[in-house]
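There are structures below to look over.
Two complexes, one shared chain (chain A), two partners (chain B, chain C).
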Partner chain A sequence: MFLKDAFAISPQKTFNSTFEEGDFVVHESKTFKVIDADYAEFIPPSLLRRMGKAVKMGIGAALPLMKRNAKTDGIIIGTANGGLENCINFLNQIVDYNEGMLTPTHFVQSTPNALAGQLALMYDNPGYNVTHVNGSLSFENALVDAELFFSEQENPSSLIVGAVEEISDYNYNIDLQAGRYKKEQLSNQDLLNSSTDGSVCGEGASMFIVASSPEDAYAEICAVEQLTYPSEHELSERIASLLAKNELNVEDVDALVLGKSGDGRYDGWYDHVTQLFPNAEFTYYKNFVGEYRTSSAFGLYLASELVRNKLVNHPELMGNISKQPKTVLLYNQFDGVRHGLILLKRLV
Partner chain B sequence: MTKVFVTGLGAISSIGTNLEEQRHALQNGISGIGKAQHFESNYKETLLFGEVKLSDDDLSRLTDSSTEKEYTRTTLLALYAFNQAIENANLSSDQISLQSTAFISGSTVGGMCYTDELYADANMKGEASNFVQSYEGSDHLLRIVKRHQIKGFTDTINTACSSSANAFYLGARLIQSGKADRVIVGGADSLAKYTVNGFNSLMILSDEACQPFDLNRKGLTLGEGAAYAVLEAEHVCSDKYKYAELTGFGNANDAFHPSTTSDDARGPVLAMERALKKSNLPATEIDYINAHGTGTQNNDFTETVALKKVFEKVPPFNSTKSYTGHTLAASGALEAVFSLLSMVNNELYPSLRCSTPNEEFNTPPIVTYQQAELKNVLSNSFGFGGNCTSLIFSKCF
Partner chain C sequence: MTREEVIVEFKNHLIQYLNLLDTTPEQINNEEPLFGGDLGLDSIDSVELIVLLDREYGIKIKNPTEGRQILVDVNTIVDYIIANRTK
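What follows is the complex of A and B.
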């Protein structure tokens, strides 16, 4: 499966590529919110008014790709929670108005498949259309689905694959009570140096054009793997088998892109993976976007920029990346429970 | 291409807690729709539901989960049907924990089924509830993964009412591509104020039991349930009983409107055509269709248009939602189970409450119990967001 294009709406200025030019947005509040594009430029006002943030961000990230690429054969989205703001707004109305007559807008906008459906509608795309909601593996699942889709097709084909997650006060409250966020306030520059419990809540939409053939592509997604409730040993074994299947040695991986989040309880997983690759350079991405369940899609965005030789010299790029990498392994985990691996290889 | 067989089934719905009970209800036209006994809502008195006749406590006891305070009703229903399916397929715990065994489940309500607790937790009213870690759409799946020590590929799908049909679709391709040998596929949804109020706000709930394909149909009836199937690759089930081969699957988007289907039925037509193409079967070989048949004006009209476009002579069809109500993400899997019960027993179940078929369509559903040789059956699932999926099962004995 080949990567042809990428676009992100994120807490950095990725929407107009100033991030790639070295710009860095410092976030110091309890959540790292996206820097929005001007959605009114490409979404009709009547539609825009009704759209929730997740749908807006998702369209904001997907439409530029749709404009500059040939029509795809389908749309696959990963999102752990979809349009939560709308969802809980509707829920609040149910309780506050004691199940009275409610308006359906929040309900229709809240369903996690609203984005994929809306993209199909705006883009008049009756092709393959699926939304994966498998928590922090939703994006990895979307990629596997794409791979399976291509394996079925007789002709060269392409898909838009992406992920979205939005911050709402409600999911912030729920995850805060579940112990996922830090009690102290930290800037994103300090996040990954922290080792207290929890991380900081981020959000974003990252979209990709993936294709079955390497024509016009700049990278290959060679493997996507997942583990749930693994031991460290099982993770090591899976990485070894992933390399073997792709006829790679440990030394062939020249960069790691890691989902380290500043959560002292689980960051040991990243140290463990780093130790498996003593010669690889490495970097992180949650200093740019914070922690959210489909943040690995931003990880792939960052890795894809690195293999295109952008961002390598970004002043805030952490770790020790010194050159445009050829073979990148991405690793992310959430709660220490769900673990995802993506292997990316530069083509040119 | 590796063949994909169904070797185990498990289902729980308002018409029964095992395959025998549910088949008995279907054979005898006994609907499960009625007044809710367990679901708490202001609409309890005015609306009817296809409620599973077990309380949360019953389900906890029957799944040996009484100490699991974080399990929601969705999780309990899912676990109950999952256990039944793996037992029916005779899967050992070692086989379930193989890396080549995958698990894919669909859900829409997921962990959000306890609206009042979610309200309190989301608005930080008081102490966090037992369910503060249970609200994710994939929560039921993750708890079953932990419980059964599943080590292979897992996925949760939400394409609204076609979610679990897409679980079958993805599972079949995992096997055909060699990424898995066994996949447990299906879905679960419990009744929730969230969906009841949502569908009510769209004014598509009937105040009587739903009447799919009836001229005077007034809308859908919500139900709940869970259903799972064990799919196995040819090479790991050669000596086992096989319900059927999963030969066709098609997915399309109607790309028309967020919550209604198009008059020209583009999505439903494409989903069925793609499934037929995949199965290499001409439309004339389909012997029975389990329709999506929600009982809304919009769905039943569009689906009939689609059936007439795809099939020169529309095969016998029914809507088993007339028994269970619309079980949302569980419906694709539940109706796959019912389609397979029809096929292996060579019988057609009557669609209920279609007393005045739409003459204009001239294609009424079957309304009486019939015996018929069924070789290939098709099951439709269409959802909000334009998500349409069709599955085809073929007899293998």
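What follows is the complex of A and C.
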């Protein structure tokens, strides 16, 4: 599976060129919220007024790709929670109006597949249209589905694959009670130095054009792996097997993109993976976008931009990576339970 | 409430329920068709309008034929509200 293009709406200004030029947005709050593009520029007002945040972000990330690439054969989205705020509004209406007549908009926007459906309608794309809702492995599931889709096609084909997650006040409070987010307020500049429990809640949408053939592609997604409840030993074994399947040695991986989140309970996983690759340079991304269940999609966006050599002017995002990497391993975990690995190789 | 006051109140509800971004009550013409006009409302909005009338004015529109005659423009809706409101 080959990567042809990438775009993101995130808590950084990824929607314009200032991001590549080194613009780093400092967040000092308990949530890292997206910096929105001017959606009214490219979404008709009649559609925009109904869209929830997740749908707006997703379309804001996908439309630039749709405009500058040929029509794809389908759309695959991964999201853990979809349009959560609309979902909560809809459920509250059921209570507030005593299970009486309800308005349709909140319901329509609350379903996780609202984004993929809206994209298909806006760009007249009647092809394969699937949304994967599987917690913190939703994006990895979407990528695996894309691989399976391509394996069934006789002709070269392409897809939009992406992920979206929005912050909802209601769900933020639930996750805060569950200990997923820090009680103290931190700047994103200090997040990765923290070792207290929890991370900082983030959100965003990252979209990709993937294809079955390498034509016009700049990278290959060589492998997507998922593990649930592994031990450190099992994780090491899976990484070794992933490398072996791709005829790579540990030394061949020259960069790691890691989902370290400043959560003292689980950041040891990233240290463990870093130790497996003593010669690899590495960088982190959750200090830019926060923690959310499909944040690995932003990790892939970052890896993609590193491979395209677009971040040379952005020292914060480069981490200790000193050169355009050839082979990048992206590793992310959530709650120490669900672990995802994506191997990316530069083509040109 | 005078008819003018009901018109202003209804337009504010309309903007709120349909999330008509950047639209003010003054910009909505009383005679302008709600569907097929500049406001660009569609079938989902007609359901939102029916819910609006139920929640804000206690009016239940159950007959689709009747609904088509009421949900024409601001004037027809306000006339119906004044004649049939229960709250």
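Going forward, the second predicted complex is superposed on the first by the 344 of 348 C-alpha atoms of A that agree within 3 Å, B and C clash if a C-alpha of one lies under 4 Å from a C-alpha of the other, contacts with A are read in each partner's own complex, and residues count from 1 in each chain.
The rule is short, and it goes like this: a contact is a pair of C-beta atoms (placed from the backbone, for glycine too) under 8 Å apart; a residue touches a chain by one contact, two chains touch by 3 or more.
Everything numeric in this text was worked out from a predicted model, so none of it was measured.
Annotation for the three-chain superposition on chain A: chain B and chain C fit side by side. With both structures placed on the common chain, the touch criterion links A:T131 to chain B but leaves chain C unconnected.
In the superposed model, A:G336 lies in contact with neither chain B nor chain C.
Of the two partner chains placed by superposition, only chain B is touched by A:Q226; chain C is not.
Of the two partner chains, chain B is the only one touched by A:N92; chain C is not. When the two complexes are overlaid on their common chain A, residue A:T103 makes contact with chain B and with chain C alike. Residue by residue along chain A, chain B and chain C are tallied for touches, and B comes out ahead.
When the shared chain is aligned, chain C comes close enough to touch A:P45, but chain B does not.
In the superposition on chain A, A:D145 makes contact with chain B only, not with chain C. Superposition on the common chain A brings chain B within a closest Cα-Cα distance of 8 Å of chain C. Shared contact residues of chain A with chain B and chain C: 101-104, 108. Every residue of chain A that touches chain B in the complex is listed here, in rising order: 74-75, 80-82, 87-88, 90-92, 94-95, 98-99, 101-104, 107-108, 111-114, 116-118, 120-121, 123-135, 137-138, 141, 144-145, 147-149, 151-152, 169-171, 173-174, 177-178, 226-230, 234, 337-338.
Looking at the complex, you find that chain A touches chain C at residues 40, 45-46, 48-50, 97, 100-105, 108. Against chain A, the residues of chain C that register as touching in their complex are 17-22, 40, 42, 44, 47-48, 50-51, 54-55. Of all residues in chain B, those touching chain A in their complex are 41-43, 107-108, 110, 112, 115-116, 118-119, 121-124, 128, 132-133, 135-138, 141-142, 145-146, 149-151, 153-160, 166, 170, 173-174, 176-177, 179, 193-194, 196-198, 200-202, 251-259, 266-267, 270, 383-387.
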